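The structure is given below, and queries will be raised subsequently.
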Amino acid sequence: MPYVNIRITREGVTEDQKRALIKGATDLLVDVLNKNPATTIVTIDEVEFENWGIGGLPAEEYRAKIKAEKAAAEAAAKG
Amino acid sequence: MPYVNIRITREGVTEDQKRALIKGATDLLVDVLNKNPATTIVTIDEVEFENWGIGGLPAEEYRAKIKAEKAAAEAAAKG
Amino acid sequence: MPYVNIRITREGVTEDQKRALIKGATDLLVDVLNKNPATTIVTIDEVEFENWGIGGLPAEEYRAKIKAEKAAAEAAAKG
Amino acid sequence: MPYVNIRITREGVTEDQKRALIKGATDLLVDVLNKNPATTIVTIDEVEFENWGIGGLPAEEYRAKIKAEKAAAEAAAKG
Amino acid sequence: MPYVNIRITREGVTEDQKRALIKGATDLLVDVLNKNPATTIVTIDEVEFENWGIGGLPAEEYRAKIKAEKAAAEAAAKG
Amino acid sequence: MPYVNIRITREGVTEDQKRALIKGATDLLVDVLNKNPATTIVTIDEVEFENWGIGGLPAEEYRAKIKAEKAAAEAAAKG
(Lines give C-alpha, C1' and ligand atoms only; values in the text may rest on other atoms or scores of the structure.)
Protein backbone atom coordinates (compact mmCIF):
# COMPACT_ATOMS: atom_id res chain seq x y z
CA MET A 1 0.00 0.00 0.00
CA PRO A 2 2.64 2.55 -0.92
CA TYR A 3 1.98 6.10 -1.98
CA VAL A 4 4.12 7.70 -4.67
CA ASN A 5 3.95 11.38 -5.56
CA ILE A 6 5.68 12.55 -8.74
CA ARG A 7 6.09 16.31 -9.14
CA ILE A 8 7.11 17.71 -12.51
CA THR A 9 6.82 20.96 -14.42
CA ARG A 10 3.68 21.32 -16.51
CA GLU A 11 4.89 21.15 -20.08
CA GLY A 12 2.65 19.09 -22.28
CA VAL A 13 3.03 15.67 -20.69
CA THR A 14 0.73 13.36 -22.65
CA GLU A 15 -1.77 10.85 -21.29
CA ASP A 16 0.44 8.04 -22.56
CA GLN A 17 3.43 9.42 -20.69
CA LYS A 18 1.35 9.69 -17.54
CA ARG A 19 0.20 6.11 -18.01
CA ALA A 20 3.86 5.09 -18.35
CA LEU A 21 4.79 6.95 -15.16
CA ILE A 22 1.95 5.32 -13.22
CA LYS A 23 2.79 1.86 -14.53
CA GLY A 24 6.53 2.31 -14.04
CA ALA A 25 6.26 3.58 -10.48
CA THR A 26 3.83 0.80 -9.52
CA ASP A 27 5.99 -1.89 -11.12
CA LEU A 28 9.01 -0.51 -9.25
CA LEU A 29 7.30 -0.97 -5.90
CA VAL A 30 6.12 -4.44 -6.88
CA ASP A 31 9.53 -5.52 -8.18
CA VAL A 32 11.72 -4.09 -5.42
CA LEU A 33 9.49 -4.48 -2.37
CA ASN A 34 6.89 -7.00 -3.46
CA LYS A 35 4.09 -4.51 -2.79
CA ASN A 36 0.48 -5.13 -3.78
CA PRO A 37 -0.32 -3.02 -6.89
CA ALA A 38 -4.03 -2.96 -6.00
CA THR A 39 -3.32 -0.65 -3.06
CA THR A 40 -0.42 1.28 -4.58
CA ILE A 41 -1.38 4.88 -5.32
CA VAL A 42 0.59 7.10 -7.67
CA THR A 43 -0.20 10.80 -8.12
CA ILE A 44 1.37 13.16 -10.63
CA ASP A 45 1.48 16.87 -9.80
CA GLU A 46 2.11 19.13 -12.76
CA VAL A 47 3.50 22.42 -11.48
CA GLU A 48 3.44 25.63 -13.53
CA PHE A 49 6.87 26.79 -14.67
CA GLU A 50 6.64 30.01 -12.72
CA ASN A 51 5.86 28.01 -9.56
CA TRP A 52 8.93 25.80 -9.86
CA GLY A 53 12.28 27.10 -8.77
CA ILE A 54 15.79 25.76 -9.05
CA GLY A 55 19.09 27.50 -8.55
CA GLY A 56 17.15 30.33 -6.92
CA LEU A 57 15.29 31.13 -10.16
CA PRO A 58 11.99 30.18 -11.78
CA ALA A 59 12.57 27.08 -13.92
CA GLU A 60 12.38 28.80 -17.29
CA GLU A 61 14.89 31.48 -16.35
CA TYR A 62 17.18 28.86 -14.89
CA ARG A 63 17.13 26.85 -18.11
CA ALA A 64 17.84 29.98 -20.16
CA LYS A 65 20.73 30.87 -17.87
CA ILE A 66 22.27 27.38 -18.08
CA LYS A 67 21.89 27.43 -21.87
CA ALA A 68 23.56 30.83 -22.11
CA GLU A 69 26.43 29.69 -19.90
CA LYS A 70 26.96 26.62 -22.05
CA ALA A 71 26.95 28.69 -25.23
CA ALA A 72 29.47 31.11 -23.70
CA ALA A 73 31.73 28.26 -22.58
CA GLU A 74 31.64 26.72 -26.05
CA ALA A 75 32.41 30.06 -27.66
CA ALA A 76 35.34 30.54 -25.26
CA ALA A 77 36.63 27.02 -25.98
CA LYS A 78 36.58 27.71 -29.71
CA GLY A 79 38.54 30.83 -28.96
CA MET B 1 -1.44 23.41 14.98
CA PRO B 2 -1.83 20.31 12.82
CA TYR B 3 -1.73 20.26 9.05
CA VAL B 4 -4.02 17.90 7.15
CA ASN B 5 -3.77 17.31 3.42
CA ILE B 6 -6.60 15.47 1.69
CA ARG B 7 -5.90 14.29 -1.86
CA ILE B 8 -8.80 13.10 -4.00
CA THR B 9 -9.62 12.74 -7.68
CA ARG B 10 -11.19 15.82 -9.27
CA GLU B 11 -14.75 14.79 -9.98
CA GLY B 12 -17.26 17.47 -9.18
CA VAL B 13 -16.77 17.79 -5.43
CA THR B 14 -19.09 20.60 -4.31
CA GLU B 15 -18.30 23.51 -2.04
CA ASP B 16 -20.56 22.01 0.60
CA GLN B 17 -18.67 18.73 0.47
CA LYS B 18 -15.39 20.60 0.81
CA ARG B 19 -16.79 22.50 3.77
CA ALA B 20 -17.76 19.16 5.31
CA LEU B 21 -14.27 17.73 4.75
CA ILE B 22 -12.64 20.80 6.31
CA LYS B 23 -14.98 20.77 9.30
CA GLY B 24 -14.74 17.01 9.74
CA ALA B 25 -10.94 16.88 9.62
CA THR B 26 -10.63 19.81 12.02
CA ASP B 27 -13.15 18.33 14.46
CA LEU B 28 -11.27 15.04 14.33
CA LEU B 29 -8.05 16.70 15.46
CA VAL B 30 -9.90 18.62 18.16
CA ASP B 31 -11.78 15.56 19.42
CA VAL B 32 -8.94 13.03 19.36
CA LEU B 33 -5.95 15.20 20.24
CA ASN B 34 -7.48 18.31 21.74
CA LYS B 35 -5.83 20.48 19.09
CA ASN B 36 -6.62 24.17 18.67
CA PRO B 37 -8.86 24.61 15.60
CA ALA B 38 -7.64 28.19 15.09
CA THR B 39 -4.24 26.89 13.99
CA THR B 40 -5.40 23.70 12.29
CA ILE B 41 -4.94 23.90 8.52
CA VAL B 42 -6.71 21.57 6.10
CA THR B 43 -5.97 21.57 2.37
CA ILE B 44 -7.81 19.62 -0.30
CA ASP B 45 -5.92 18.68 -3.48
CA GLU B 46 -8.14 17.69 -6.38
CA VAL B 47 -6.08 15.60 -8.78
CA GLU B 48 -7.07 15.03 -12.41
CA PHE B 49 -8.15 11.47 -13.18
CA GLU B 50 -5.32 10.95 -15.62
CA ASN B 51 -2.83 12.03 -12.93
CA TRP B 52 -4.08 9.52 -10.36
CA GLY B 53 -2.95 5.94 -10.61
CA ILE B 54 -3.95 2.81 -8.75
CA GLY B 55 -3.28 -0.82 -9.59
CA GLY B 56 -0.71 0.43 -12.10
CA LEU B 57 -3.38 2.18 -14.19
CA PRO B 58 -4.88 5.66 -14.46
CA ALA B 59 -7.88 5.81 -12.12
CA GLU B 60 -10.55 5.74 -14.78
CA GLU B 61 -9.10 2.69 -16.51
CA TYR B 62 -8.72 0.97 -13.17
CA ARG B 63 -12.36 1.54 -12.31
CA ALA B 64 -13.45 0.25 -15.72
CA LYS B 65 -11.29 -2.83 -15.27
CA ILE B 66 -12.67 -3.58 -11.79
CA LYS B 67 -16.22 -3.10 -13.09
CA ALA B 68 -15.60 -5.46 -16.02
CA GLU B 69 -14.10 -8.07 -13.71
CA LYS B 70 -17.11 -7.88 -11.42
CA ALA B 71 -19.52 -8.21 -14.33
CA ALA B 72 -17.60 -11.23 -15.63
CA ALA B 73 -17.59 -12.85 -12.18
CA GLU B 74 -21.33 -12.32 -11.82
CA ALA B 75 -21.97 -13.72 -15.28
CA ALA B 76 -19.83 -16.77 -14.43
CA ALA B 77 -21.66 -17.26 -11.12
CA LYS B 78 -25.01 -17.21 -12.89
CA GLY B 79 -23.48 -19.69 -15.26
CA MET C 1 -8.94 5.94 -3.35
CA PRO C 2 -8.10 9.12 -1.44
CA TYR C 3 -4.87 9.82 0.35
CA VAL C 4 -4.91 11.72 3.64
CA ASN C 5 -1.78 12.95 5.36
CA ILE C 6 -2.06 14.20 8.95
CA ARG C 7 0.94 16.09 10.31
CA ILE C 8 1.17 16.76 14.03
CA THR C 9 3.83 17.49 16.61
CA ARG C 10 5.34 14.42 18.24
CA GLU C 11 4.09 14.49 21.80
CA GLY C 12 3.05 11.14 23.07
CA VAL C 13 0.16 10.35 20.77
CA THR C 14 -1.04 6.86 21.74
CA GLU C 15 -1.81 3.94 19.45
CA ASP C 16 -5.48 4.31 20.32
CA GLN C 17 -5.45 7.96 19.31
CA LYS C 18 -3.75 7.04 16.04
CA ARG C 19 -6.37 4.37 15.45
CA ALA C 20 -9.06 7.01 16.06
CA LEU C 21 -7.42 9.41 13.59
CA ILE C 22 -7.18 6.71 10.93
CA LYS C 23 -10.78 5.60 11.45
CA GLY C 24 -12.10 9.15 11.64
CA ALA C 25 -10.35 10.34 8.49
CA THR C 26 -11.45 7.27 6.54
CA ASP C 27 -15.05 7.57 7.74
CA LEU C 28 -15.03 11.23 6.73
CA LEU C 29 -14.12 10.37 3.15
CA VAL C 30 -16.71 7.60 3.08
CA ASP C 31 -19.45 9.76 4.56
CA VAL C 32 -18.86 12.95 2.59
CA LEU C 33 -17.68 11.61 -0.76
CA ASN C 34 -18.77 7.97 -0.72
CA LYS C 35 -15.17 6.81 -1.17
CA ASN C 36 -14.14 3.18 -0.89
CA PRO C 37 -12.39 2.64 2.48
CA ALA C 38 -10.41 -0.32 1.09
CA THR C 39 -8.35 2.04 -1.05
CA THR C 40 -8.28 5.01 1.31
CA ILE C 41 -4.82 5.55 2.76
CA VAL C 42 -4.17 7.67 5.85
CA THR C 43 -0.67 8.49 7.06
CA ILE C 44 0.26 10.26 10.28
CA ASP C 45 3.53 12.20 10.40
CA GLU C 46 4.77 13.00 13.89
CA VAL C 47 7.12 15.95 13.67
CA GLU C 48 9.63 16.80 16.40
CA PHE C 49 8.82 20.01 18.28
CA GLU C 50 12.00 21.70 17.17
CA ASN C 51 11.11 20.91 13.54
CA TRP C 52 7.68 22.52 13.74
CA GLY C 53 7.37 26.28 13.48
CA ILE C 54 4.48 28.64 13.96
CA GLY C 55 4.49 32.39 14.40
CA GLY C 56 8.10 32.35 13.24
CA LEU C 57 9.20 30.29 16.27
CA PRO C 58 9.74 26.63 17.11
CA ALA C 59 6.47 25.24 18.47
CA GLU C 60 7.54 25.02 22.09
CA GLU C 61 8.81 28.59 22.22
CA TYR C 62 5.65 29.77 20.52
CA ARG C 63 3.48 28.06 23.12
CA ALA C 64 5.55 29.53 25.95
CA LYS C 65 5.25 32.99 24.42
CA ILE C 66 1.47 32.73 24.01
CA LYS C 67 1.15 31.49 27.59
CA ALA C 68 3.27 34.36 28.91
CA GLU C 69 1.22 36.89 26.95
CA LYS C 70 -2.00 35.46 28.36
CA ALA C 71 -0.66 35.57 31.91
CA ALA C 72 0.44 39.17 31.42
CA ALA C 73 -2.94 40.14 30.00
CA GLU C 74 -4.73 38.53 32.95
CA ALA C 75 -2.44 40.24 35.43
CA ALA C 76 -3.11 43.58 33.72
CA ALA C 77 -6.86 42.97 33.77
CA LYS C 78 -6.79 42.29 37.51
CA GLY C 79 -4.93 45.53 37.89
CA MET D 1 19.83 19.36 -2.50
CA PRO D 2 16.90 20.45 -0.35
CA TYR D 3 13.31 20.50 -1.43
CA VAL D 4 11.01 23.29 -0.26
CA ASN D 5 7.27 23.29 -0.83
CA ILE D 6 5.34 26.51 -0.19
CA ARG D 7 1.58 26.19 -0.05
CA ILE D 8 -0.55 29.33 -0.16
CA THR D 9 -4.07 30.34 -1.12
CA ARG D 10 -4.52 31.27 -4.77
CA GLU D 11 -5.16 34.98 -4.73
CA GLY D 12 -3.36 36.82 -7.46
CA VAL D 13 0.25 36.17 -6.50
CA THR D 14 2.35 37.83 -9.22
CA GLU D 15 5.30 36.35 -11.10
CA ASP D 16 7.59 38.79 -9.30
CA GLN D 17 6.32 37.63 -5.93
CA LYS D 18 6.86 34.02 -6.94
CA ARG D 19 10.38 34.89 -8.06
CA ALA D 20 10.96 36.49 -4.66
CA LEU D 21 9.66 33.41 -2.84
CA ILE D 22 11.91 31.12 -4.89
CA LYS D 23 14.95 33.31 -4.39
CA GLY D 24 14.24 33.87 -0.71
CA ALA D 25 13.73 30.20 0.10
CA THR D 26 16.84 29.18 -1.81
CA ASP D 27 18.97 31.89 -0.17
CA LEU D 28 17.68 30.74 3.22
CA LEU D 29 18.95 27.21 2.65
CA VAL D 30 22.26 28.53 1.34
CA ASP D 31 22.73 30.98 4.22
CA VAL D 32 21.65 28.75 7.10
CA LEU D 33 22.84 25.33 5.93
CA ASN D 34 25.35 26.12 3.20
CA LYS D 35 23.30 24.13 0.68
CA ASN D 36 24.06 24.13 -3.04
CA PRO D 37 21.48 26.33 -4.83
CA ALA D 38 21.95 24.38 -8.08
CA THR D 39 20.20 21.37 -6.56
CA THR D 40 17.74 23.24 -4.34
CA ILE D 41 14.18 22.87 -5.61
CA VAL D 42 11.35 25.16 -4.53
CA THR D 43 7.74 24.57 -5.53
CA ILE D 44 4.80 26.85 -4.90
CA ASP D 45 1.32 25.33 -4.64
CA GLU D 46 -1.52 27.80 -5.05
CA VAL D 47 -4.61 26.31 -3.43
CA GLU D 48 -8.13 27.51 -4.23
CA PHE D 49 -9.80 29.35 -1.35
CA GLU D 50 -12.55 26.78 -1.07
CA ASN D 51 -9.92 24.02 -0.77
CA TRP D 52 -8.11 25.69 2.13
CA GLY D 53 -9.49 25.36 5.61
CA ILE D 54 -8.57 26.96 8.90
CA GLY D 55 -10.49 27.10 12.14
CA GLY D 56 -12.77 24.41 10.72
CA LEU D 57 -13.97 26.72 7.92
CA PRO D 58 -13.06 27.44 4.30
CA ALA D 59 -10.49 30.26 4.28
CA GLU D 60 -12.79 32.99 3.03
CA GLU D 61 -15.48 32.29 5.62
CA TYR D 62 -12.85 32.16 8.32
CA ARG D 63 -11.51 35.56 7.33
CA ALA D 64 -15.01 37.02 7.26
CA LYS D 65 -15.72 35.57 10.70
CA ILE D 66 -12.50 36.97 12.20
CA LYS D 67 -13.24 40.37 10.68
CA ALA D 68 -16.76 40.36 12.06
CA GLU D 69 -15.51 39.42 15.52
CA LYS D 70 -12.97 42.23 15.45
CA ALA D 71 -15.57 44.75 14.36
CA ALA D 72 -17.90 43.60 17.15
CA ALA D 73 -15.10 43.82 19.72
CA GLU D 74 -14.24 47.34 18.60
CA ALA D 75 -17.87 48.39 18.69
CA ALA D 76 -18.17 46.97 22.21
CA ALA D 77 -15.01 48.76 23.33
CA LYS D 78 -16.34 52.09 22.07
CA GLY D 79 -19.70 51.23 23.57
CA MET E 1 14.25 18.58 -12.19
CA PRO E 2 11.44 16.39 -10.93
CA TYR E 3 10.78 15.51 -7.32
CA VAL E 4 9.55 12.04 -6.41
CA ASN E 5 8.38 11.08 -2.94
CA ILE E 6 7.89 7.40 -2.14
CA ARG E 7 6.01 6.62 1.06
CA ILE E 8 6.06 3.06 2.41
CA THR E 9 5.60 1.30 5.72
CA ARG E 10 8.77 0.90 7.77
CA GLU E 11 9.49 -2.81 7.68
CA GLY E 12 13.13 -3.60 7.18
CA VAL E 13 13.73 -2.14 3.74
CA THR E 14 17.44 -2.65 3.03
CA GLU E 15 19.93 -0.13 1.67
CA ASP E 16 20.08 -2.09 -1.56
CA GLN E 17 16.32 -1.91 -1.95
CA LYS E 18 16.42 1.82 -1.32
CA ARG E 19 19.16 2.17 -3.91
CA ALA E 20 16.97 0.24 -6.36
CA LEU E 21 13.98 2.50 -5.64
CA ILE E 22 16.09 5.63 -6.16
CA LYS E 23 17.61 4.33 -9.37
CA GLY E 24 14.31 2.99 -10.69
CA ALA E 25 12.36 6.19 -10.03
CA THR E 26 15.10 8.34 -11.58
CA ASP E 27 15.39 6.10 -14.65
CA LEU E 28 11.61 6.26 -15.05
CA LEU E 29 11.66 10.06 -15.26
CA VAL E 30 14.62 9.96 -17.66
CA ASP E 31 13.05 7.30 -19.89
CA VAL E 32 9.50 8.63 -20.04
CA LEU E 33 10.07 12.38 -19.90
CA ASN E 34 13.72 12.79 -20.79
CA LYS E 35 14.42 14.52 -17.49
CA ASN E 36 17.92 15.34 -16.29
CA PRO E 37 18.93 12.85 -13.57
CA ALA E 38 21.37 15.35 -12.04
CA THR E 39 18.45 17.45 -10.79
CA THR E 40 15.99 14.64 -10.11
CA ILE E 41 15.40 14.19 -6.39
CA VAL E 42 13.86 11.05 -4.90
CA THR E 43 12.96 10.78 -1.23
CA ILE E 44 11.76 7.69 0.61
CA ASP E 45 9.59 8.12 3.69
CA GLU E 46 9.37 5.06 5.91
CA VAL E 47 6.21 5.33 7.99
CA GLU E 48 5.67 3.36 11.20
CA PHE E 49 2.98 0.68 10.91
CA GLU E 50 0.81 2.28 13.53
CA ASN E 51 0.96 5.57 11.59
CA TRP E 52 -0.26 4.04 8.34
CA GLY E 53 -3.93 3.37 7.85
CA ILE E 54 -5.88 1.59 5.15
CA GLY E 55 -9.45 0.38 5.17
CA GLY E 56 -9.98 2.53 8.26
CA LEU E 57 -7.50 0.47 10.30
CA PRO E 58 -3.81 0.64 11.19
CA ALA E 59 -1.87 -1.31 8.54
CA GLU E 60 -1.05 -4.31 10.69
CA GLU E 61 -4.64 -4.84 11.82
CA TYR E 62 -5.82 -4.44 8.25
CA ARG E 63 -3.44 -7.12 7.03
CA ALA E 64 -4.52 -9.46 9.82
CA LYS E 65 -8.17 -8.86 8.94
CA ILE E 66 -7.62 -9.53 5.22
CA LYS E 67 -5.69 -12.69 6.06
CA ALA E 68 -8.44 -13.92 8.38
CA GLU E 69 -11.09 -13.23 5.74
CA LYS E 70 -9.10 -15.18 3.16
CA ALA E 71 -8.64 -18.12 5.50
CA ALA E 72 -12.36 -18.12 6.28
CA ALA E 73 -13.26 -17.99 2.59
CA GLU E 74 -10.92 -20.88 1.84
CA ALA E 75 -12.31 -22.92 4.72
CA ALA E 76 -15.84 -22.24 3.45
CA ALA E 77 -14.87 -23.21 -0.10
CA LYS E 78 -13.44 -26.50 1.12
CA GLY E 79 -16.70 -26.94 2.97
CA MET F 1 -2.03 30.99 6.68
CA PRO F 2 0.64 29.42 4.47
CA TYR F 3 2.24 26.06 5.00
CA VAL F 4 5.93 25.58 4.23
CA ASN F 5 7.65 22.20 4.21
CA ILE F 6 11.45 22.10 4.11
CA ARG F 7 13.00 18.73 3.35
CA ILE F 8 16.73 18.25 3.92
CA THR F 9 19.14 15.41 4.56
CA ARG F 10 19.61 14.54 8.23
CA GLU F 11 23.15 15.61 8.99
CA GLY F 12 23.46 17.31 12.33
CA VAL F 13 21.31 20.37 11.79
CA THR F 14 21.33 22.26 15.10
CA GLU F 15 18.37 23.70 16.96
CA ASP F 16 19.65 27.19 16.17
CA GLN F 17 19.77 26.41 12.48
CA LYS F 18 16.23 25.06 12.64
CA ARG F 19 15.12 28.20 14.46
CA ALA F 20 16.75 30.24 11.66
CA LEU F 21 14.96 28.21 8.97
CA ILE F 22 11.60 28.63 10.72
CA LYS F 23 12.11 32.35 11.22
CA GLY F 24 13.47 32.89 7.72
CA ALA F 25 10.67 31.03 5.97
CA THR F 26 8.02 32.82 8.02
CA ASP F 27 9.58 36.23 7.41
CA LEU F 28 9.71 35.45 3.70
CA LEU F 29 5.96 34.87 3.56
CA VAL F 30 5.31 37.98 5.63
CA ASP F 31 7.62 40.17 3.54
CA VAL F 32 6.64 38.98 0.07
CA LEU F 33 2.94 38.22 0.54
CA ASN F 34 2.03 40.05 3.72
CA LYS F 35 0.91 36.80 5.35
CA ASN F 36 0.01 36.56 9.03
CA PRO F 37 2.87 34.85 10.89
CA ALA F 38 0.50 33.61 13.62
CA THR F 39 -1.05 31.16 11.17
CA THR F 40 2.07 30.39 9.12
CA ILE F 41 3.28 26.84 9.72
CA VAL F 42 6.77 25.66 8.83
CA THR F 43 7.83 22.02 9.11
CA ILE F 44 11.31 20.64 8.64
CA ASP F 45 11.69 17.02 7.51
CA GLU F 46 15.12 15.55 8.08
CA VAL F 47 15.56 12.61 5.71
CA GLU F 48 18.19 9.90 6.25
CA PHE F 49 20.99 9.95 3.70
CA GLU F 50 20.13 6.52 2.39
CA ASN F 51 16.53 7.67 1.84
CA TRP F 52 17.52 10.68 -0.28
CA GLY F 53 18.43 10.19 -3.91
CA ILE F 54 19.84 12.50 -6.53
CA GLY F 55 21.37 11.69 -9.89
CA GLY F 56 19.92 8.19 -9.49
CA LEU F 57 22.07 7.46 -6.45
CA PRO F 58 21.72 7.68 -2.67
CA ALA F 59 22.94 11.14 -1.59
CA GLU F 60 26.21 10.02 -0.04
CA GLU F 61 27.28 8.03 -3.10
CA TYR F 62 26.31 10.92 -5.33
CA ARG F 63 28.46 13.33 -3.35
CA ALA F 64 31.40 10.91 -3.44
CA LYS F 65 30.98 10.52 -7.19
CA ILE F 66 30.87 14.29 -7.80
CA LYS F 67 33.94 14.76 -5.60
CA ALA F 68 35.85 12.05 -7.47
CA GLU F 69 34.93 13.58 -10.82
CA LYS F 70 36.13 16.98 -9.67
CA ALA F 71 39.41 15.56 -8.41
CA ALA F 72 39.93 13.72 -11.69
CA ALA F 73 39.19 16.86 -13.70
CA GLU F 74 41.64 18.90 -11.61
CA ALA F 75 44.32 16.24 -11.97
CA ALA F 76 43.75 16.19 -15.74
CA ALA F 77 43.93 20.01 -15.90
CA LYS F 78 47.25 20.04 -14.03
CA GLY F 79 48.45 17.08 -16.10
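Just a few scattered comments:
Each chain carries a letter (A, B, C, D, E and F) given by its place in the written order, and its residues are counted from 1.
Criterion: contacts are C-beta pairs under 8 Å (C-beta built on N, C-alpha and C of every residue); 3 or more make two chains touch, one makes a residue touch a chain.
Since this is a predicted model, take the numbers as computed values, not measurements.
A centroid comparison over C-alpha atoms places D as the chain most distant from subunit E. The angle of the rotation carrying subunit D onto subunit E, fitted on C-alpha atoms and rounded to the nearest 5, is 180°.
Across C-E and D-F, it is D-F that has more C-beta pairs touching. Placing every chain at the mean of its C-alpha atoms, the farthest one from subunit B is found to be F. If each chain is reduced to the centroid of its CA atoms, subunit A and subunit D end up 25 Å from each other.
Taking each chain's centre as the mean of its C-alpha atoms, subunit A lies 19 Å from subunit F. Each of residues 1, 3, 7, 21, 25, 38-39, 41, 43, 52, 54 in subunit D touches at least two other chains.
Taken as a contact graph, with one node per protein chain and an edge wherever two chains touch, the assembly fits none of the named shapes, being neither a line, a ring, a star nor a complete graph. On subunit A, the positions that touch subunit C within their shared complex are 1, 3, 38-39, 41, 43. Across the complex, subunit B meets subunit A through its residues 7, 47, 50-58. Per the touch definition, subunit C reaches subunit B in the complex via residues 1-9, 13, 17, 20-21, 24-25, 28-29, 31-33, 35, 39, 52, 54, 59. By the touch criterion stated above, subunit F contacts subunit C in their complex at residues 15, 18-19, 21-23, 25-27, 30, 37-46.
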